[in-house]
Every structure is written in C-alpha cells, then in structure tokens.
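So that we are looking at the same thing, I have put the structure below in structure tokens.
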Amino acid sequence: MEIIEQIRIVEALLFASEKPLSSIALADCLPEGSNIDQLLADLRQQYEMRGINLVEVAGKWMFQTAPDLAFLLRKEVEQERRLSRAAVETLAIISYHQPVTRAEVEEVRGVSLSKGILDTLMAAEWVRPMGRRRTPGRPVTYGTSDHFLVHFGLNSIKDLPGIAELKAAGFLENADTSRLNLLDNQKPTEEQPELPGSTGG
Amino acid sequence: MINNETEQQSEFEDLPSVIDSPDEEENLILDIDGFEGPLDVLLTLARSQKVDLKQISILELVEQFLKFVDEAKVQKLEKAADYLVMAAWLAYLKSRLLLPEEDSEEEFSAEEMAARLTYQLQRLSAFREAAATLMSRNQLKRDVFARGMPEPVIVTRNARYELSLYELLKGYADHKTRKSIADIRIHKRDVYTLDQALERLRGLIGIAIDWTDLFQFLPDLIEGDEMLRSVKASIFTASLEMAREGKAEIIQKQTFGPLFIRKTDRDD
Amino acid sequence: MEIIEQIRIVEALLFASEKPLSSIALADCLPEGSNIDQLLADLRQQYEMRGINLVEVAGKWMFQTAPDLAFLLRKEVEQERRLSRAAVETLAIISYHQPVTRAEVEEVRGVSLSKGILDTLMAAEWVRPMGRRRTPGRPVTYGTSDHFLVHFGLNSIKDLPGIAELKAAGFLENADTSRLNLLDNQKPTEEQPELPGSTGG
C-alpha cells in the first residue's frame, strides 16, 4: 500500500474517532510494516498551517482546531437580565444598612436569603464584602461598591434618600396604595414616575 | 425467487418463502406470511416467467396466482382476504381476456385492465430497485463518518443586570411598607353590629314614652369592656341613623352629658 | 484578510461541527465581502483526494470520511436494527414519491401498511408529515427530512438515484387510491407544500 493511502487511512481514523488514538491503535488498522510514526509526522506537517492541526496529547493523537482560530468557537453573548424582587430588596437593604451581615439582611427581610442572590449582586459588581463583624463567628459584612455609586449616579452612599424623604417623594404611599389596591382586587398601580437621571444604564 | 428455505420469520427479516411439505412433496405449501401482499406474490410469479416485465403473459400469471391461492394454506382469514379479492379480480380479468370484447362505455377493456396490472407490477419492481439502490448508498454512521470529536461552540453568556435608582428605592420602600403592614396585627373582634343596634332600638323606642337615656336601651348582658364599647358605639350610631330617618329625636344638654332619645310624634 | 486565512476559518468551523453548516452560517464568521462559494469550492478540491472529504448534503456542508475507506471504518455494531423489507420499500416510495399519502404508499405496494412502519421511519427522523392533501378526508402527506438527505449523502431529493427514470416511466404520477383500477391521473393540489431542504436548521 502506498504511503499516501496509509496517510488517508490514519487521517480518516483520527477524524472519525470519538477519542484520541494511540499510534499502536492506528497501526492496527494499517498493513504490517507500516511506519506509523513517520505517517503521523507527515500528517502533522500537512496540517501544520491549516485551520485544524494534528496534535499529540498524552501520547495519543487527535485533530484540533488551530489555536489561533479557537476564538471562532467561543461566542460571548450579552444578556440583559432583570433582578428578582428579592434581589432588589436585598440590594436596597445592603445599601441602606451597610456594613451588614447576611444574617442581618435575613432578619430585616424576615426571610432567609436564597442562594445565589448575593452571588448575583456581587457578579453585577454592586455588592462587595467589606470586612468581618467582631461578633462570634466573625461573619462577613457586605456593602456597596464604587460601581454601585457610579451605576446609580450617586456621589456617596449618604446621598440615598432617607425614609422621610422617600415618604415625601411618595414612594411609601405609592407602595401602600398599590398594596391596598391589590387587596381590594383592583388594578394595581403600575405607574412608574420617571425620576430625573434614573433611566439608562 | 421461490426457494425452499424455511427462514426464521422475524419482524425485520421477512423473505418470501415457499415451504416444502415433507408429506406431499409434489404439492408446494405456499406461505402467505412470507409475502408482502398479493401484488408481491404476483411480482414474484411474474419474475418466475423469466421474461421482461413488459412481456409477461397475464393469462399465465392469472393461472399461476389462482393456483397459488388454491394451494396456499390460508389460516388467517383477514390476511387471506386481500388474496381472495385479487383472485376474484384476476378470475374476472381472465374471463374478460378469453371472451370476445364487448363494446362497453363504462368499463375498461380487458387490455386496459391487463396493462394496468402490468404497470403496477413494473412500478412495484421499480420502487424495489430504487429502495435497494438507496440502501446501498454510503450511509452516515455506517459507511461514512462525521467528526468523532466535534468541538462545540462554547457560548458565554455575560449577564448584564439593569436596575434604575428608582427601582432600587421602590424596592426599599416596598420592603418598608410590607414590613409595617406585617407588624400590624388586627385581631378579629366580637362586635355588636349597627344592624343589631338598629333592630334593638327600633323595637324598644316605642316603649319609651318620653326622653330616655340612650344607654337605657343597651342590652342587659354584655361581656367584656370591648364588647361594651362596641355596643355603645353601635347604639349611638343607630340613634343617629333613626334621627336622620326622622323617626327619633336626640338631645344632649351638656358636653359629655347623657344623650336622651325619644320617638318623634310625626310618625303617629 | 487573505484567501488562505479565510479558507482556514471555513475549514476550522466545518471541522469543529458534526452537523452540516450552511454557507450562510459560515459566511457570518467571515469578513464582509468574502466569496464563501469560492472558498467552499477551493476547500472541497483541497480535500478531494484526502481521507476526509468536504461534501454538500441537504444544501449544507460537512466533512466526512472518504467513502472508499468505509471498509476500515464500518461499524459492525449498527445502532439501528436492519429495517424490514416493508420499511425499506415504504421509505423508498415516500422519498421518491413525496409528498405521498399513506393510501398511496399502500396502493403502490398493493398491501396495507402495517402498524409501526411509519413510526419507525419517523423515529429514525427520515420521514416527516408534510401537510395535507386537498382531497376528501384531507389525508396527511409524508416526505423525507433533511436528516434523511444527510444520512444518505444527498444534496436534495432531486439527487435520488434513478429518480429521472422512475419519473420518465410514469411511476411517480399520483397513485390511484383504488387498487387495480384505471382512474384519471389528476394530481390533487397539496396544502402547505413544504419542500425538502426548505426548513432551516
């Protein structure tokens, strides 16, 4: 059998295989006396400049996308997501009560913090660990990040309106009536008065 | 095509077979189960004529088929029905072919019927050849193979969270509101309803001849201060209601002094 | 970008996928103005004599092992059981004659279609319902899928071997619904004609 034919066989075997193949396994499919190492060396060279390369991994051989083209196989997708109500509330509590421990957030909210909420807030780079409380167990305290201030257009965390200001701005009333309306089984108020500078990321 | 093999019949390997009877070697026992219907039998028989399908002798074919059905050991009637219908049709065709053709506008001529049968046999034969050609093609995962170790495209989803300051503040306010609502515990209380009070007052006011202290009309047995307050409130409201209706008059001589009530005369 | 670099990208993308890719999908990964058809033609030629070939199936492109090496690679353990003669015949009639109704398949074969045959062919994803015939009873019509084309290495239904001969012989004309009776060969119109290969993937 000609060398070129033997190379074709090695090529096809490596292509179709579901796992890397050893030179011994490949030699089993070739006529006796074939120089498998030479064949593999030739094949590697033939593919050297191509979009796929023949590589040796842990003593076995496989085809692989050329490293400089690996970017083709990676796609980054930006997804806009909405925070859950629980996450928004947690973020609000952390921003108003910081530094605050996880247990304290749970106490304030009256429910245990479901897994992933803190992760989400930290992934969004709004919340960061701040230190440890000097109490038994030395729990981690959380607070908001600079990114949080930038995102919400605040100069400092003190710029967050207090309860009285929230009430004056109609937030609490709004919440109240919407709740009462819900209880009365009426249309809940969905209006979202736009605050200056609150729109846009 | 007709052979003596007694193949194990399975759902996936059914070959037409004609089984030799050990007792009567001269009589072939034909196995209908091995065929894919009467057309399959006809095609097999036609092929046994060893001529081009276009030149088969329909008369001979009819004879062959009738003989086949006659000899076949038919056990399942529902399976045999197809064969019997075909046999009847072929017998009819045979008679038409043998008798001189009559002019008939409604029916097809015997030649047309025979041509139709030939067409059907040719068509079935052609599709069988096509099937064989199709199956002999290189099939994926049998003869040719795709990449054994495909490299999947890894999609990284970067979550970008959108939240406005308004939503943040609203979240906090909602939390505060819910919290304050949650702290108020309103227990269900026993109350003396306005209706009860009205009923009592309307019933009793007739007895009162002159100005009477409103609280004279309170029910006798009242348990607890809360109930007393409820009763007083309801009786008072009931008195106002009756005054509004023009059925009673109320007078109070001094601030925080007792309330006096009497029936109006106009009613009488 | 140089042509050779564009070919490398197409090569890498096709090599990485186990499914055929459309030229449109490939072009999406190339710089604007690239001549994808030319690149594919070049790539096909480059692989013509190799152990792996670039083939066009169901209107899409994929690498697969060279057919002449099947003797080496053929899997003895076939995952699909061998199809019954009835199933093979039914598949052939459906593929050559599509869109075709169950009654028409029965008419050609001269026998009623036993239960499970269509199921088997549909489970193999070779056959799919295509629409309804505009005749009394509005029977469902069947045809083949893209998966069928890929499996049998066909670019389109028109490439079925011998289809021209079958058509010339008049065997692909609408089968009669009553057996062994010459009826007029009126071809009823099809509702929602879905041509094979027209479904995106």
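Labels A, B and C are assigned to the chains in the order they are written; within every chain, residues are numbered from 1.
Operating definition for what follows: a contact is a pair of C-beta atoms (placed from the backbone, for glycine too) under 8 Å apart; a residue touches a chain by one contact, two chains touch by 3 or more.
Not measured: the values here are computed from a predicted model.
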item: Most distant chain from chain C by Cα centroid; value: A
item: Closest chain to global C-alpha mean, per-chain Cα centroids; value: B
item: Centroid distance [mean C-alpha coordinates] between chain C and chain B, Å; value: 31
item: Centroid distance [mean C-alpha coordinates] between chain C and chain A, Å; value: 40
item: Interface hub residues of chain C, defined as touching at least two other chains; value: 15-16, 63, 65-66, 73
item: Touching two or more other chains - residues of chain B; value: 145-147, 151-153
item: Contact footprint of chain C on chain B as seen in their complex; value: 11-15, 36-40, 42, 82, 89, 108, 112-113, 116-117, 119-120, 122-124, 126-131, 133-135, 137-147, 150-153
item: Chain B partner contacts - residues on chain C that touch it in the complex; value: 15-19, 62-67, 70, 73-75, 78-79, 81-86, 88-89, 91-93, 95-96, 108-112, 150-153, 160-163, 165-166, 169-171, 180-182
item: Residue ranges of chain B in contact with chain A within the complex; value: 145-149, 151-179, 181-182
item: Chain C to chain A touching residues, read off their complex; value: 7-13, 15-16, 29, 49-52, 63, 65-66, 69, 72-73
